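In what follows, chain A forms one complex with chain B and a second complex with chain C.
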Partner chain A sequence: MTITNDPGIWVAAILTLAIFSFLIKDNPLYKLAEHIFVGASAGYYVVITYHEVLVPKLVTPLSTGAVKDNPYNLLLIIPLILGIIMLTKLSRKHSWMARYPLSFTVGVGAGLGITAVIKSDIISQIYGIAFQKPLWFLVDGKFDFTISFFNLIYVVSVLSSLLYFFFSAEHKGVIGKTARLGIWFLMISFGASFGFTVMARISLLIARVQFLLEKFLGIMS
Partner chain B sequence: MILKFLKTLDRRIIFLFMAIAVILPTITGQRFPVQPSPMTDDFASVLKELKSNDTVLLSADYDPGSQAELQPMTLAFMKYCFDNNIKVVTMALWPLGSKLIESALNHDRIYIPREKAIELMSKGKNVYVISKKRSGAEEKIEKRGNKYIFIRDNNQGEESILNNEDKYYVKGLYSIYDDIKYGVDYLDIGYKVGGLVVIQGIVNDFEETVKTDTLNNKSVLDYPITRNIKNLKDFSAVFTISSGNMGIKEWVVYGNGPTGVKVLSGVTAVSAPEFLPYLTSKQLSGLLAGLAGAAEFEAATNYYEGEASKGMTPQSYAHLVIIFFILLGNGVYITEKYFIKE
Partner chain C sequence: MKQKVLLFSLFQLRFYSSAFATEAEEQISNSFFQVSRIPVLLGLIILCGLILYCIQIAKKGQYIFIRKIAGLNAIDDALGRATEMGKPVLYVPGIMEISDLQTLASISILGHIAKKTACYETDLYVPNRDPLVFSTAQEVVKESYLAAGRPDAFNENMVEYLTTDQFGYVAGVNGYMVREEPAANFYLGGFYAESLLLAETGNAVGAIQVAGTAIPSQIPFFISACDYTLIGEELYAAGAYLSDDPRSKGSLKGQDMGKLAIMVVTILLILFNIVYNMNISSGNDSSEGLLGKTFNVLESGMKGE
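Moving on, here comes the complex of A and B:
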């Protein structure tokens, strides 16, 4: 074991341990690390956005030489003004003005998105369940029980889960029992989602532990 | 008495068990074999359908917050492409995504076997070692005559031998290859602001949307790799490594929707269930889910000593701890409800 001499790794290790200290109890060290993280992230994003967005997309095209070469660059003044108006959100008195650039953004998003989303999230999904999950699945001309069985479960789970959210008929009799089956499928899917979430969080823990052991403490597995 | 203790169990005891479950296997280096799941096999088979000289678009739509799960996917994917002469154009819909690609190419540890280390040193590449018998810290190896000198922190260095047990690595994928040329085999067009507007732009006109690369700020038409790329359809596949909006959903809806281009994706485990329906409807051609997906992909592509595969043993032990405490909690509940009289 040899602790590193790299000051960058020392800072990262101390901040990592400060964050982990929250597991014992909320404390000032944790708060400090949290604030450093939020501040550093925000600062970094500002710098990146300035250098990779504002300068190449706005400042440079609006410079004198660029405008002379291409007078249409002057149109960039419109998004510049809209961007500045967005900052009026910071003032209570003038925040209403920010609705204009926001409505423009929402309008563009909706205009670009509606047809694509209908096609991908509705039509393709219905096509997928209706035509790509045959209940009688053949492999080389022979009936494949496993795939057919899982396709059947897939179709039943989709229909029963949808029926659970169908409130135009009372959930009694066949509809009630099918909706109840739908709840079971929903619960199973929530369980799967929770399992994935646990795996994701443990993955982050593992990465920090590997960092502390290998790069900071120099413990080789 | 025991029941009361278990009912009021301090959560910090659970944290302690979890810490032990993660730290011990990391120190001992125990490895469980990783077998690719059918989902990862499908992903790999789509990749294996790609031919030499095909061009893929890699979109790094994540940031350091999800680096632990997603960076191994970036490394394994790019290595597979470089090994198989598949050309890669990289971009990012997230501001820090392109920095992570740069890190994969120039800074991340890429472990190599001893023989490969010797080969790379003979070509003048920088090779590093972590030797268990020596300090356990990073040392650079220099070949002087027939001797290998291990140098730490710019000191004079000491002669040592290359053991099979030691870990050898280079920094960045670029260091492994001699023949990967920027602009021919790989091009970075960097962070593109605008999300779905950018994707729609690439769907219609790649050059008009992207214009220049990041490194030299030259037109993409000046590079052989993108000279014939007119729009998204000209890519053989898109691989989005995604941890939220903008990312996988936008590439499926605005990329695959209008063009039918194959979209592959690697996502964080948290978001994986949300995108499984795209996989079953074949709008998504392949999906890697979280660290497990990354580890399986490393196994499927024979990636040497991947970070994701290393993490799967502690992951398994951590899951066992969780299962144990779930069973314990349920046991306490059932005992109290059915076997303890008021």
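Moving on, here comes the complex of A and C:
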């Protein structure tokens, strides 16, 4: 075992242990790590935003040469103005102006989101269920019962789950029973998803333990 | 406070510049009309048409039935509990950007909750990861306190920006939970890996928890660690459910009609596919016939080719 002399790894290891100490209970060490984490990450993102977004996507394209090459770059003045209007939040008297760029953002977000949802959540789903999971599945031009049966389960699960999300109809009678079946299918899929994600989380923990053992303590290599 | 505002203004500039840069590039490189997106256009027209029609019906005064959603009924119970115990209410609007539909749905629920906390004089704390969500949430909470007739009870520190870093944000919110011990926690919006970290800590401090997200991989964590969970679409329905506005209820009815239309189209396409495949298996290679051509058109249309 050779403990590292690298001060960077020492700091990372101490902060990792401080965060893990939360598992016992809240304590000053965790509080210190938490505040360093929150503060440092906020500052880090400011620098990232400046160097990776503002300079390459706003300042450079608006420079004289870039505008001559591509006049469309002048469109970037609009976001610049909208961004500057957001600064009116600093003034109590003029803070109402900041609502306009905010409304613009919310409107654009909702508008863009709707078309994306129709494509990914509706059309792609219908395509998947109707064309990729045919109920009369053919293998070498002949009907395959096994795959067709599983496709039937797939179709029933999608349609019954969709029915569960009907809000303007009371879940009674046939609708109620079908919706109940839908929630069963949903819960089975959640169970599978839970197990899968837990495995991924354990791999995250393993990565941190590996860091402590290899980089910090030098036990494994 | 001013530092926070400056910080989120910087992020605001970032958002706008990236959005517009992409838009400018798209304008140059793409044609005006993409044939492959006709199904999206048709879907949009049908869904919007149904929603607008139902809104009109609701505005004329027709009663719109909405079934009970247990998770939403629990909101008032959770707020009541927090008031009785004299402890704060924590509202986490997810970690997604303001353009995400889940965040928009969450902000709508936040307005309802803020009105209640204003009426009950209960402390509310809304930590944010995204600067634009922070700004919007602040406006919504302020408006809600005004609408409840308690503008004096509004405090700017109720809504805070923590950090954009996902786990830095979790560390901050968890720290708040163990120190302030809120009696009611709401996690409504888009969540990823932080869902269980937040819900588990909230559970450990004994808070009543209501969660809701449309991210399928995170719903199981909320179901296991929270008292009530809004599953997917229920989150979007919450705004209409909690509101008495006929337009919201009409919109929800319209969305249900849209779902019905989706089910009908799906069943019709499934039946068509069965007929087509049965035809092939019976030895008729109909790829050149009317059936085959229709199948190809429908398939490529749905595929977006």
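Just so we're on the same page, the second predicted complex is superposed on the first by the 162 of 221 C-alpha atoms of A that agree within 3 Å, B and C clash if a C-alpha of one lies under 4 Å from a C-alpha of the other, contacts with A are read in each partner's own complex, and residues count from 1 in each chain.
We take it that a contact is a pair of C-beta atoms (placed from the backbone, for glycine too) under 8 Å apart; a residue touches a chain by one contact, two chains touch by 3 or more.
Every value quoted in this text rests on a predicted model; they were computed, and no experiment measured them.
**Q** One more residue to check, A:Lys57. First (chain B), second (chain C), both or neither?
**A** both
**Q** Applying the document's definition of touching, compare chain B and chain C: which contacts more of chain A?
**A** C
**Q** Is A:Leu75 touching the first partner chain B, the second partner chain C, both, or neither of them?
**A** In the superposition, A:Leu75 contacts chain C only.
**Q** Can A:Gly218 be said to touch chain B (first), chain C (second), both, or neither?
**A** It touches chain B, and chain C stays clear.
**Q** Considering only touches as defined above, state whether A:Val209 meets chain B (first), chain C (second), both or neither.
**A** first
**Q** Looking at A:Thr49 after the superposition, I want to know if it touches chain B, chain C, both of them or none. Which is it: first, second, both, neither?
**A** both
**Q** Which partner chains sit in contact with A:Thr197 here, chain B, chain C, both or neither? Use first/second/both/neither.
**A** A:Thr197 sits against chain B and chain C alike.
**Q** On the A-aligned overlay, A:Ile19 touches which partner chain: chain B = first, chain C = second, or both, or neither?
**A** Second partner only, chain C.
**Q** Kindly classify A:Val11 by the partners it touches after superposition: chain B alone (first), chain C alone (second), both, or neither?
**A** A:Val11 sits against neither chain B nor chain C.
**Q** Of the two partner chains, chain B (first) and chain C (second), which one does A:Ile129 touch, if any: first, second, both, or neither?
**A** A:Ile129 contacts both chain B and chain C.
**Q** Where on chain A do the contacts from chain B and from chain C line up?
**A** 44-45, 49, 53, 57, 108-109, 112-113, 117, 119, 124, 127, 129, 189, 193, 196-197
**Q** Applying the document's contact rule, which stretches of chain A touch chain C when the two form their complex?
**A** Per the stated touch rule, the residues are 19, 22, 25-26, 30-31, 33-34, 37-42, 44-46, 49-50, 53-54, 57-58, 61, 70, 72-73, 75-76, 78-80, 82-83, 86-87, 89-90, 98-99, 101-102, 105-106, 108-110, 112-115, 117-119, 122-124, 126-127, 129-131, 134-138, 141-143, 155, 158-159, 162-163, 165-171, 186, 189-191, 193-194, 196-197, 201.
**Q** Under the touch definition given earlier, write down the residues of chain C that touch chain A in their complex.
**A** 2, 5-21, 23-24, 27-28, 37, 39-40, 43-44, 47, 64-67, 69, 97-101, 104, 132, 135-136, 139, 162-165, 167-169, 171-172, 174-175, 178-179, 193, 196, 216-217, 219-221, 223-224, 231-234, 237, 241, 252-253, 255-256, 259-260, 262-263, 265-267, 269-270, 272-274, 277-278, 280-281, 299, 302-304
**Q** Can you tell me which positions in chain A touch chain B when the two form their complex?
**A** Within the complex, chain A touches chain B at residues 1-2, 4-5, 23-24, 44-45, 48-49, 52-53, 57, 108-109, 112-113, 116-117, 119-121, 124-125, 127-129, 132-133, 154, 189, 192-193, 196-200, 202-210, 213-214, 218-221.
**Q** Inside the complex, what are the residues of chain B that reach chain A?
**A** 12, 15, 18-19, 22-23, 26-29, 67-69, 95-96, 130-132, 135-138, 153, 167, 190-191, 193, 196-197, 200, 252-254, 256-258, 268-270, 272-273, 277, 280-283, 289-292, 307, 310-311, 314-315, 318-319, 322
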